[in-house]
Amino acid sequence: MNEAAIRAEVNAWLRANWDPNAGLVEWRTKLVDSGWGMPEWPAGWYGRDFPASLVRAVEQEFAKLGVVGVARAGIRLLAAATLLEHGSDAHKQQFLRRILTGEDSWCQLFSEPGSGSDLAGATTRADFDGKQWIVNGQKLWTTSAHHADWGLLLARTDWDAPKHEGLTYFVIDMHQSGVTVQPLKQMNGHASFNQVFFSDAVVKQEHLIGKIANGWAVAMTTLAHERRRADGLRSGYADIGVGVERTGRIFDEERAEIATVMEPYTWYPQRAGRVDLAVPRAFETGRIEDPAVRQELARLLILSSAAEWTARRARAAQQLGKPQGPEGSLGKLAASHVARLAARVHTMLAGADALLAGEDGPEAGIIAEILLSVPAVSIAGGTDEIQRNII
Amino acid sequence: MNEAAIRAEVNAWLRANWDPNAGLVEWRTKLVDSGWGMPEWPAGWYGRDFPASLVRAVEQEFAKLGVVGVARAGIRLLAAATLLEHGSDAHKQQFLRRILTGEDSWCQLFSEPGSGSDLAGATTRADFDGKQWIVNGQKLWTTSAHHADWGLLLARTDWDAPKHEGLTYFVIDMHQSGVTVQPLKQMNGHASFNQVFFSDAVVKQEHLIGKIANGWAVAMTTLAHERRRADGLRSGYADIGVGVERTGRIFDEERAEIATVMEPYTWYPQRAGRVDLAVPRAFETGRIEDPAVRQELARLLILSSAAEWTARRARAAQQLGKPQGPEGSLGKLAASHVARLAARVHTMLAGADALLAGEDGPEAGIIAEILLSVPAVSIAGGTDEIQRNII
Amino acid sequence: MNTPMRFHFTDEQTQFRDMLRRFLSDVSPLPVVRRTMATETGYDPAVWRRLAQELGLTGLTLDEHYGGAGFGMVEAGIAMEEMGRALLCAPFLASAVLASDAIARIATDEQKQRLLPSLAAGQTIATLAFAEHDGGFALQAIATEATRHGAAYTLTGSKRYVLDGCSADTLLVVARAPGSLGIDGLSLFLVRGDGSGVVRRALQVIDPTRRLAAIELRNAQAELLGTADAAGPALVRTLERGCIALANEMVGGAARLLEDTLAYTKLRVQFGRSIASFQAIKHRCAEMLLQVELAKSAAYYAAEAADAGDAQVGYLASLAKACASDAYLHTAIEAIQLHGGIGFTFDNDTHLWFKRAKSAEVLLGDATWHRERMIALLPRPDPQTKRAEQVA
Amino acid sequence: MNTPMRFHFTDEQTQFRDMLRRFLSDVSPLPVVRRTMATETGYDPAVWRRLAQELGLTGLTLDEHYGGAGFGMVEAGIAMEEMGRALLCAPFLASAVLASDAIARIATDEQKQRLLPSLAAGQTIATLAFAEHDGGFALQAIATEATRHGAAYTLTGSKRYVLDGCSADTLLVVARAPGSLGIDGLSLFLVRGDGSGVVRRALQVIDPTRRLAAIELRNAQAELLGTADAAGPALVRTLERGCIALANEMVGGAARLLEDTLAYTKLRVQFGRSIASFQAIKHRCAEMLLQVELAKSAAYYAAEAADAGDAQVGYLASLAKACASDAYLHTAIEAIQLHGGIGFTFDNDTHLWFKRAKSAEVLLGDATWHRERMIALLPRPDPQTKRAEQVA
């Protein structure tokens, strides 16, 4: 296919159909049916079987006009990718469309208390009572469960098989009495995750994905997409409509959608250490004059700048299609060093005020939130979980 | 036995026999035959079967008069302990006496290149040619080989057995053409260890210790004594004749003996970081005025003082017969932290002079030697080896 | 040091520790701590009474003459260490250590006779109000001024970071003579917590187990304790003892965190094996252990030195405080991370110690400040010593 | 930064690197390094000639006009990085970086025409003699004085830590006008290495691959380069480029050490398994890798910024130098320890890089000095930026 032609076609279609004052779902419905919303998807399922290069072209045309795309927030697209690969036509029929329009929100029900990053250790059970599956147990580290309509559930259906071979993959309706969602309060007062309790929760027989006892393979698909998409998804919103002023009903509705999804992550900048505040505060507090502070501040600037540049080098290499060097995998390790050092610097800068939180604390409590959030960086085991759940 | 009586008896015997102007060997011969030199040893073999408490009493009587004891330097006593436990009467007859008089010096031939702390991996071979054992191979990390008369050799005699079961323990005569001792030069210019090469070196059939293929068990005895004695031996000389002026031929000869044994370790204080030099140099160089230096210097003083006090706590608990707490095992880890930090501080204090060594370097080269020696602390694998070899 | 140190606790001291540990786990287990830290005052008067009446802890270091137990810094250190382990929420540091020591050093006999017995009995709670917004915990930076009216005084200024400042009956306020500088001209004053011209406000704190107040003084009625303008040097000593006490509290908390973490990692199974069996975890635990043991040694040594009247106690107090601050914080962060994601949740107890570590790190001056102070107190060695030690 | 950075090397630059790596492993493998570092001059004239004639490295950054290749700091960084990997013993930093840059910035056209071509061709070796015993590498501390006699000058003073000072034909000496202070009144002078009043002495160094000299000047004949008393600012730029070059040399050595250590740990078997499979070793290696990659990023960025004429190049040069100093030393110590006992022996090559790391750490100012300099060069942010970035 010829890229220029594609660009012209999508551009023409957008000019003909895009209306900032339409309803978000209304517009997306039109978009999804047009096949322009997910051009990389199969032609049969709201897509056009486009290769990555053409997909990028389409995305750029969207960006030029600042057009809102299909719903990407949360783990919707992971659910979709999993269903596309392992789901029946009935599943695709029932779920894919409402995923892309944003009507349905999804959550992932894999991790459990204690099992940490060892997903195969799941002990939540699903038993078939002859006409449907009855689920009992508990899941942890689920991010969007509190506003999810559907959940991707990994549950044990065979207790005699080796742990990887006794799991089955389901789609569970989150709106039922057997499902209780509880926010998991953190030491810094926020709650980015939920615990989900199942007591005789019900899963329709037809909502089993793939085959019985084949859940691990299906889950691997979800995780693979999670990793592959992580970056793309995170930037998903950032690069839309740069420089295009975004007014109109549709943008308001989209902003609301984003806000809901982002809400659990408002403290993440603090978790990262808020290096951006270090220099301004060093000057404002006058602590910049303290030679010991100067040394630590310099250490922080060195570490954070070098870490950022290392990430940029990795991205540049990637964009040039160069073989991915080791520098790509170092982000997390660097981030935890930065966060710890930033906390030390912010403590030095705050002086005795480091004792105080909320309105009494420096920066109206932001500094206290930093000090109480950095330990979350590079939590053994937990980390990947947490990182992956970020959109 | 009554301690007071023992003290009186040994004191009387010492007053009757001790002569600072006698020859070292002459005196020790008398001492060894008297059984006062090694009272914890069996009565049949130059000892008196004394319990630890009485041994300590005897040692104190020696210390009071500043009397020179039996030869303890190097690994003599490890050899002796091993022979006492696994040697035949003939072995004891031939070796024990000359060990205690200091006439014979010994070395340990266990470690090999590559095998690091995995002694059982030894590949030096010993083959029986019908009347004697022929040794070929190489040993590493042997400390006193360059002045040793005899060596404790662990060699493989069975190549089909599991690695621990194919080893045999020998005593080898170091004075023969088949044995070549080469000092192992270190990055700091010193040589604390030797490499020993065997090419068709000979071991008399009767110098096999214990049984064939039972070498590992015998070696364990040597290592056990090594660990148990390490501290005692290290302080072996320190607490002798405190406050007694030590003049006379016998002391000169002992000093010479000590010097020979200590020679490979002259750089060990530098390896430890020479914290004692930090404060004086900080003042002398005027760098004490630099706030960044003050922070690092304080860190060093905190770390080294706390490490010393931790060791003192461990010793105090030990002396009170209290159950040994964890603080005992932390010395090495602490030492490596101290050494690294000390090197950093000495570098800061030296300024540009940290580039210089020898006479051009600060403290006539001592600082350079510190900087080039600290990496030896807590060498992975190697460490224990090195530590244990210290007398 | 010229005084011979013991480097171990006597049997009596060990018994005291064991008794205290049992008592605290009985009267203030973690559920009680969580309940107490959610209250307004932040401590439980009932627990405080039992501490006073059953153990006489409130008068631990005061003379028998005033109804105290007459113990030294070592015993106070043991008490603080156990309280740090148990995360006890109580005005012990404020009242039984800082305030009691300040009065004992500075007040006249008549004043001691009048004030100490009720403190020793735990009937009244006192605190030392010296820190201010500018300059934090440095006595030199105190700006609050005392104005003399015949025999009486009035104080005007703003105190901040006052330990248990809202629950204390008695405020010991440090103020300076107009125009004085540094630690010269400082006096210690007695101010009634509910006195006129005193406005107290609870500060929002990072550590809910340690309450702080801001206190506004506007011509507040005050009674001079001891001699005017001469309290500076004594207050320095008092704060040094406070640092030693705090260092001991910190090692107690750090040691407890280490134990809990080791237990948890042994317990927690991942990929079919206890995560404690992962070598990397072992190494991190060994490093924690080292930090904790070093900090213990420094805290114990400083306490022993204080009782021995060691001339270097100021240096040693700063050393212990700096050492414990870094060790506790390091241990707390590691503890949270080795607990995995669950260690970051509010229901897991680890963060309670983390927050305590954070407040202890800053209280009475952070590690950087105390490291600088160490060097400032370092005696210039005479050239001989160096050469002498070179052989060692 | 406002200039758009590439964050990658062009294909030409990558080819230059590959070619250089092959060349160095061919002309200066480790046996040659060991032989060369044992010689009196500490470098091999034959290798130097090949560097000049076959690769034109000696004129890498000089204008074509003077027979140079006209390349920038990035290429110089690549050259330094490869030389650091290979532990090349040669006066490249002294002559091709510091001296060449100083002349190019300061000298008159006539002087450049006279001096640069032979430097570019590698026929003469020059070095920059600025550091002195008191004050080390700080230009402000220079005490050597220049006395004017009509058009001529004589210099008197003591220079120290002069790179390749004994083998250089030409000494570029920094001296000050009598009575001047700071970097004001500094001039750059040309002094013949064998000139009268010049006494050169090789210093005993910690790193045998990098030679230093002490140079005594007693009324030494000198030719003023460029304008009198105005060389200060230019010399600051020259030393910044020296720091960037040195930072690149350091990351080359560190990266090589890391590779060797990984290879060794994979190779070395203990208790029947490769020690690389020990998780604790893996973690130490991951930490080394992080340090090396961070230092690379800083060194590359600074070089690119220098070529882009970035106004913050001074700040970035100090950042890169401080980052690389700590990373290289950390890597070198870890490398020795992970090699086990053998890593501490003279026959094992690891210590050669360790010593290079040690000399690079100190040369041109240590990490503490450059961290302080970074902050001194930090622009005071306007209050807006902070709020702005808060959302990011």
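Structure notes:
For clarity, chains are labelled A, B, C and D in written order, and residue numbers in each chain start from 1.
The rule is short, and it goes like this: a residue touches a chain if its C-beta (ideal position, glycine included) is under 8 Å from a C-beta of that chain, and two chains touch if they have at least 3 such contacts.
Keep in mind the model is a prediction, meaning the values are calculated, not measured.
Matched by residue number, over half of the contacts between the chains of A-D recur in the interface of B-C, chosen from B-D, B-C or A-C.
By number of C-beta pairs in contact, A-C leads when A-C and B-C are compared. Chain centres here are Cα averages; for chain B and chain D they lie 44 Å apart. One inter-chain figure worth recording: chain A and chain B are separated by 60 Å, centre to centre, where each centre is the mean of the chain's CA atoms. Looking at chain C, residues 368, 372 sit in touch with two or more other chains. Touching of two or more other chains is recorded for residues 291-292, 295 of chain B. Chain D contributes residues 5-8, 286-287, 289-290, 293-298, 300-301, 319, 322-323, 368, 371-372, 374-375, 378, 380-381, 383, 385-386, 389-390, 392 to its touches with chain A in the complex. The touching residues of chain B, when paired with chain D in their complex, are 113-118, 121, 140-141, 184-187, 189, 193, 292-293, 340, 347-348, 350-361, 365, 368, 371-372, 374-376, 378-382, 385-386. For chain B in complex with chain C, the touching residues are 269, 276-277, 279-281, 283-284, 288, 291, 294-295, 297-299, 301-303, 305-307, 309-310, 312-313, 315-317, 320, 322, 326-327, 330, 333-334, 337. Across the complex, chain C meets chain D through its residues 278-280, 282-283. Within the complex formed with chain B, the chain A residues making contact are 290-292, 295.
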